[in-house]
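Here chain A shows up in two complexes: once beside chain B, once beside chain C.
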Partner chain A sequence: MNLGTRKILDRSFTALGIGSIVVMALALLIVITPIIYNGLGAVFFKGTIEHRKLLYNEFHRGDGAELEREIAEVAVYRDQAYRMLADFELELEGMDPEKAREYRMQYGPVKTALQTLLGPPPGDDSAILTRFRYGQTRWEKAEEKLHALLYESKWDYSDPDVMAKEYFVRRAESFEGTKLAPMFGFVEKNAEKMLLPRFTLYWGFLTDSSIDAHIFGGIWPEIQGTFFLAIGAMLFAFPLGVVAAIYFTEYAKDGVFTSMLRSANSTLAGVPSIVFGLFGLAFFINTLNVSESKSVLAGALTLAIMILPTIIRAAEEAILAVPKTYKEASLGLGSTKWNTIVTVILPAALPGIITGGVISLGRAAGETAPIIFTAAVSVGSAIGIADVLSSPTPALSWNIYNLASEHEAAAEIRHVQYGMVLALVSIVLLLNLSAVLLRARISKKLKG
Partner chain B sequence: MSGDVNRDSNRSGAFVVSEGRRKMQKAARTAGESILLLIASFVAIVVLFIFYFVAVDAVPYFQQRGFAEFFTSSNWYPAGDPGEFGALAIIYGTGMVTLGSALLAVPMGIAAAVCLSDILPFSVRQYAKPVIEMLAAIPSVAFGFFALVILAPLLQTSGGPMLMWVWWILAGPFLLLAVIVGSDLLTAGIEEPVRRKRYATMLQVLFTLLAFLVLYVVGSQLNGMQILTGTNALNVSIILSFMALPTIVSVAEDSLQSVGRELREGSYALGATRAETLVKTVLPAASSGILAAVILGIMRSLGETMVVWMASGNSSHIPDPWYNYLEAVRTLTATIAGDMGEADQVTGSARYHVLFAMGLLLLVISFISNLISERIVVRQRKILSGQ
Partner chain C sequence: MKLFSKILMGAAVFGMMASGDASAAGKIVMDGSTTVGPIAKSFAAYFTRTTGTDVTVSESGSGNGAKSIINSTCDIANMSRAMKTNEIAAAKAKGVNPVEHVVALDGMAIVVNPSNRVKNLTKKQIRDIYSGKITNWNQVGGPTAEIVKIQRESNSGTQDTFKSLVMGKEAPISKRAETQASNGAVKSRVASTPSAIGFLGLGFVDGSVKAVSVEGVAPTVVSVKDGTYPISRPLFMYTNGQPKGAVKQFIELNQTPEGMRMISELGFVNQ
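Presenting the complex of A and B:
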């Protein structure tokens, strides 16, 4: 080969390596950026008067007098819109039946669309679900709903080779000449005056319970459930893991038995997470009966088994990283082996052990598969510390799946889903970040 | 208990200990050690329990229905009475997304590991490593959410053009490289400088034209492609490869680091470039460690649940044609997670037991591959330390 070609090959090899690192960084960026951007949208957004009304009615938060004034302010415009509807309904009565039926068919969606935008007309208390009692609470959603009110969507199937294309027809055109026609222009012009959008900082998203299956409100029960599960798993796994690590590093003699134990450890680390869920169901719930059915305890035990190998490995590394001289000095002063471990080695290794624990805590908080059958429910209220032995809990990771894939109005509550994902990712990443910082400090300290 | 004994022995003046006390001390020490041993072997007990309890609930299925249906039929109608439990399509789907993610993650992971260990200066590596660790820390359900809510609609609306650009960006440089190397190799045997030059230029022009033609034709084919569903095997493979990458990179980097300096220096001394040194010396020396990394990475994507459940489309049929990555598939993990809610746990229906049979299958696969990768790592350590 030419020298030039070899050089080109060498450079492109370098480029390939650097490119793959760049791709990984980009992947992280591509995944994280929309989650952060949209997740923050759950807390910072333009809230409408409906949002303030909801906060006041359901959570008793906000300024009542101010709200009264605003309701009076928007009522002026809303009443006009609802009057136009009423007028049109009267007009329908007087029309000839054939024509009236045609109009009625198109009028139905208009009425629903207006109600989802502004809420039910004053005096109508028939709605049972909370979601039908209020209009749009977020301005960007209200803009979508306004579009749905003004335009009817139709599909173009004319070209069989490509997928059908959506196009929009103004609804006003089909009501030309009736008393409803001016309503569309009126609502379009006065939408802001009807909803009074205002920049909102909704901290309650983190601390409120959810209302009506997460259509409104916050994610506190999920955050709390995640916390219970992760902490519970740590309570079981951490002491066990540390003691096992002490055995492996200080007492175990090289032999078939020890290598079998180590091999069991790496086997446990490699078991697919869903199998832990199966085991938790079959062993903790169906065999041991730690609880009637799903419970925080069963979930925490399952998660504990899952993170045990990680903790053992991290603690082992931390103990091995303690300089030999510490141990020798202690033994040289006449202290026993156990004494040396407890008073010298463990304190020196503790920061490293805790680092491993923090990382495992993050892993336990983020895992979903093991808690599906053992601890998680899709909708539930926050549980007290007394109930952890017997009752299941909602948890961030499981509810993200649930809201994104199985919720009846999944597309409507994207902001809640993003907010939940952001909450989970930031909990896990913060834990990991603190572990990384801790480790950096330790390595500096051990270097001296 | 052993603490008390220690305190006594300290008080008594350390070394002169009576016979009885020494016996007591020894007994305490052995007792303490056996407690430690018991706790340390807890993990092994747990592993045995997992195998036992998953197997116990899996056996009734095989007793009732035998092995043949599970592995040979692709009719999955668990809700029927008596129900059909052919898991072939599900096993196939699992293999498909695992293979897909491996195809994406393995080359990229090895390249990244090589880059981290041999190419990047320390100042950059310091920051590159935490980025990779962060990728590993993100919960799988967040990746699943990304796949379902962002990537799937994107694939559905503009999948064709996206695939085309990926093809052009990825394959373009490689084809260009192939042109340069190919013409170089073909003209290598010719001695006369003038003839060689003309011949090489001609070949280069011809090859370049051919390469661009291939690039363009495949690209335009991809551009015209319509992706009917965004939740498909391709989507899952992409996301799973993100999740397998950190494992592959960190294990492969460890094994590259453990290759001694003298091998590299020997290669440089013979006049090899860095790429040649890495490809012909370092990578072969670290090959078994890299194989272990690949196995661990593949296991990560095989055992992943949330991403495949959310983004694979959960359709239990073998894609048509069999290599079609743009169709929805279903995997073992997703089936277990999704069907357990409907399976009758109390009376233990066949539907309940078949899910445990799937769990057992996953468990056995992970056990075997873990054993293999462990064996490989031990062997490599032995070879590199020169024993």
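Presenting the complex of A and C:
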């Protein structure tokens, strides 16, 4: 091969390498950007007066006097809108019954739409579910609901042979000539004055419990549950994993048995996580009865088994990477084998062991399948440390799935779902970052 | 070893923080149906607020609810179908005595995309669609488009009820039907696919999908309650033996004015 060809090959390989890194970075960017953007939307948004009412009533936060003043301020406009409704209802009474019936059919959705936007009319305290006790708490949602109030969605079924297209009709037109007609324009013009949107930093999203099945409130129980599960898994898996790695590297004799153990370990690392989940249900809960129901304990044990192979492998590699001369020097000075392991080999291998551990911790925090049957619930309050042995817990990974697909109002609470995703990604990133920092620090200490 | 003491300190601080909101008096663990989920979750929030008892709810499907109560890993199993005889036998064999409580009624809404002009289907048409005899919407008065059938997973009580109320024994659901794992997933699939058809609990129907009339009767609270809507069913909560204490109080929530109000606010039907 002549020099020119080599150069070309060399360059094209470099280009390929850079290209694949760029593709990876782009993919990451495409995935991460909407997560960060939408996730931050759960904490930073334009909150309406309904949001401040909710915070004050449910969490006793906020300035009561200021809220009173704001409520009085919006009441001026809201009362006018409600008066128009009342006037129209009176008008209906006096109308020709057939016409009145027709109007009533269309009036029902209008009333509901207005209540969805602003909350129940003053004095009506009958709703029990929190979602019906407040209007829209976020301005961008309020704008959607305002649109639903102003326009009726209709479908053009005129061509029987194709799928219909949606079109919108101004509701005001259907009520032309009645006392309700001016209400639409009034609400459209004064929506901001009725809701007082203001830039809000809702830090409580991270520290509050959820209210009414995640429709309001925060995600603290989920964050806490995720920590409990990940740390619990670590408590079981880390010591076991390190001991197993020491056995493999220092004590095990090469033979059929050891190689079987090794391949068992590698196989375990490749088992799909749902299998661990079902195993955890069958073994820890139904056979061993570690708890009466799903529990953090059962979930942590299941996760521990899942991350054990990774920890063993990482620790093994780290121990093997310790220069032989260290060991020989220690043994040469008359130290025992055990003493050598504890005082010479393990400290030198610590950075690698800890890196493996923290990466596994991140994996344990993010896994869904192992905890579906063993630990996770879709609704529950934050549990105390005393309850981890017996109580199940909500956890970020599972609740993201639940909110995305199973929740009855999934489309209304996308921001909560994104907030959870961002929280989970941040937790895992933070864990990995701390692994890097920890490793750097320990290596520096060992060198210095 | 300074590092380890730091880690220990961190763990201790975390523990203290967590034990701050220590355990409440008693707890109730619920597992099962995604259809009963909204009722269970709302009852749970209300119950925790009024009595201080922690209630956790998992939505993993009726089949899992039955398994949980058989293995005594939950206090209440939510189910959108009655327990089968083999499940009751399995429970009895393990010394569990499942007791049935009807919490609410539910109409099974047959939903299509709002862009579909079809307004009414007969039970026979629905059966033929799901068994694969009718494959195009134009055979039932709709536009020319191939029907995308959405069904639920085998673990689902809604699926079992649909099979027994609509399909019957002779007509199995076509193998080409697509499976979704929850009411919410069926709803979003139908909302995003113009030619899809699916079935949902009445409480899950919103503006994104259109519930068609069955045999000329629209699924509403009234028609489900008086029995004119042909495919409606009770929703169940199962306990091991007659409920006592907090569980009893919880099960009886649906007879209190607040409980009934919550059920109707969620779009389900009181008994």
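Operating definition for what follows: the second predicted complex is superposed on the first by the 405 of 448 C-alpha atoms of A that agree within 3 Å, B and C clash if a C-alpha of one lies under 4 Å from a C-alpha of the other, contacts with A are read in each partner's own complex, and residues count from 1 in each chain.
We take it that contacts are C-beta pairs under 8 Å (C-beta built on N, C-alpha and C of every residue); 3 or more make two chains touch, one makes a residue touch a chain.
Every value quoted in this text rests on a predicted model; they were computed, and no experiment measured them.
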Exercise. Which of the two partners, first being chain B and second being chain C, lies in contact with A:367: first, second, both, or neither?
Worked result: first
For this session: Applying the touch criterion given at the start, work out whether A:128 contacts chain B, chain C, both or neither, answering first, second, both or neither.
Result: second
For this session: Would you check which partner chain A:325 touches, where first means chain B only, second means chain C only, and both and neither mean what they say?
Result: neither
Problem set entry | chain B versus chain C as contact partner of A:424, first or second or both or neither | first
Exercise. Between chain B (first) and chain C (second), which does A:339 come into contact with in this model arrangement: first, second, both, or neither?
Worked result: first
For this session: Classify the contacts of A:414 with the two partner chains as first (chain B alone), second (chain C alone), both, or neither.
Result: first
For this session: For A:268, decide between first (touching chain B), second (touching chain C), both and neither.
Result: first
Exercise. Among the partners chain B and chain C, which is in contact with a greater number of residues of chain A?
Worked result: B
Problem set entry | On chain A, positions contacted by chain B and by chain C | 162-163, 286, 372-373, 405
Exercise. Which residues, counting only chain A, touch chain C once they are in their complex?
Worked result: 126-130, 132, 153, 155, 157, 159-166, 211-213, 224, 227-228, 231, 285-286, 292-294, 372-373, 376-387, 391-394, 402, 405-408, 410-411, 438, 442
For this session: Provide the residue numbers of chain A that touch chain B in the complex, in ascending order.
Result: 1-2, 5-10, 12-14, 16-21, 23-25, 27-28, 31-32, 34-35, 162-163, 240, 243-244, 246-248, 251-252, 260-261, 263-268, 270-279, 281-283, 286-287, 305, 308-309, 312, 334, 336, 338-339, 359, 362-363, 365-369, 372-373, 397-398, 400-401, 404-405, 414, 417, 421, 424-425, 428-429, 432, 436
Problem set entry | Complex contacts: residues of chain B adjacent to chain A | 2-3, 6, 9-10, 14-15, 29, 32-33, 36-37, 39-44, 46-47, 49-50, 53-54, 56-57, 108-109, 111-112, 114-116, 118-120, 128, 130-135, 137-146, 148-150, 173, 177, 180-181, 184-185, 188, 226, 228, 242, 245, 249, 273-276, 278-279, 296, 299, 302-306, 309-310, 333, 336-337, 340, 345, 355-356, 359, 362-363, 366-367, 369-371, 374
Seminar exercise, completed: The residues of chain C that touch chain A in their complex are 3, 11, 14-15, 18-24, 27, 29, 31, 34, 37-38, 40-42, 44-46, 48, 54-60, 64, 68, 71-75, 113-117, 138, 143-145, 181-185, 188, 194-195, 203-204, 207-208, 258, 261-262, 265-266
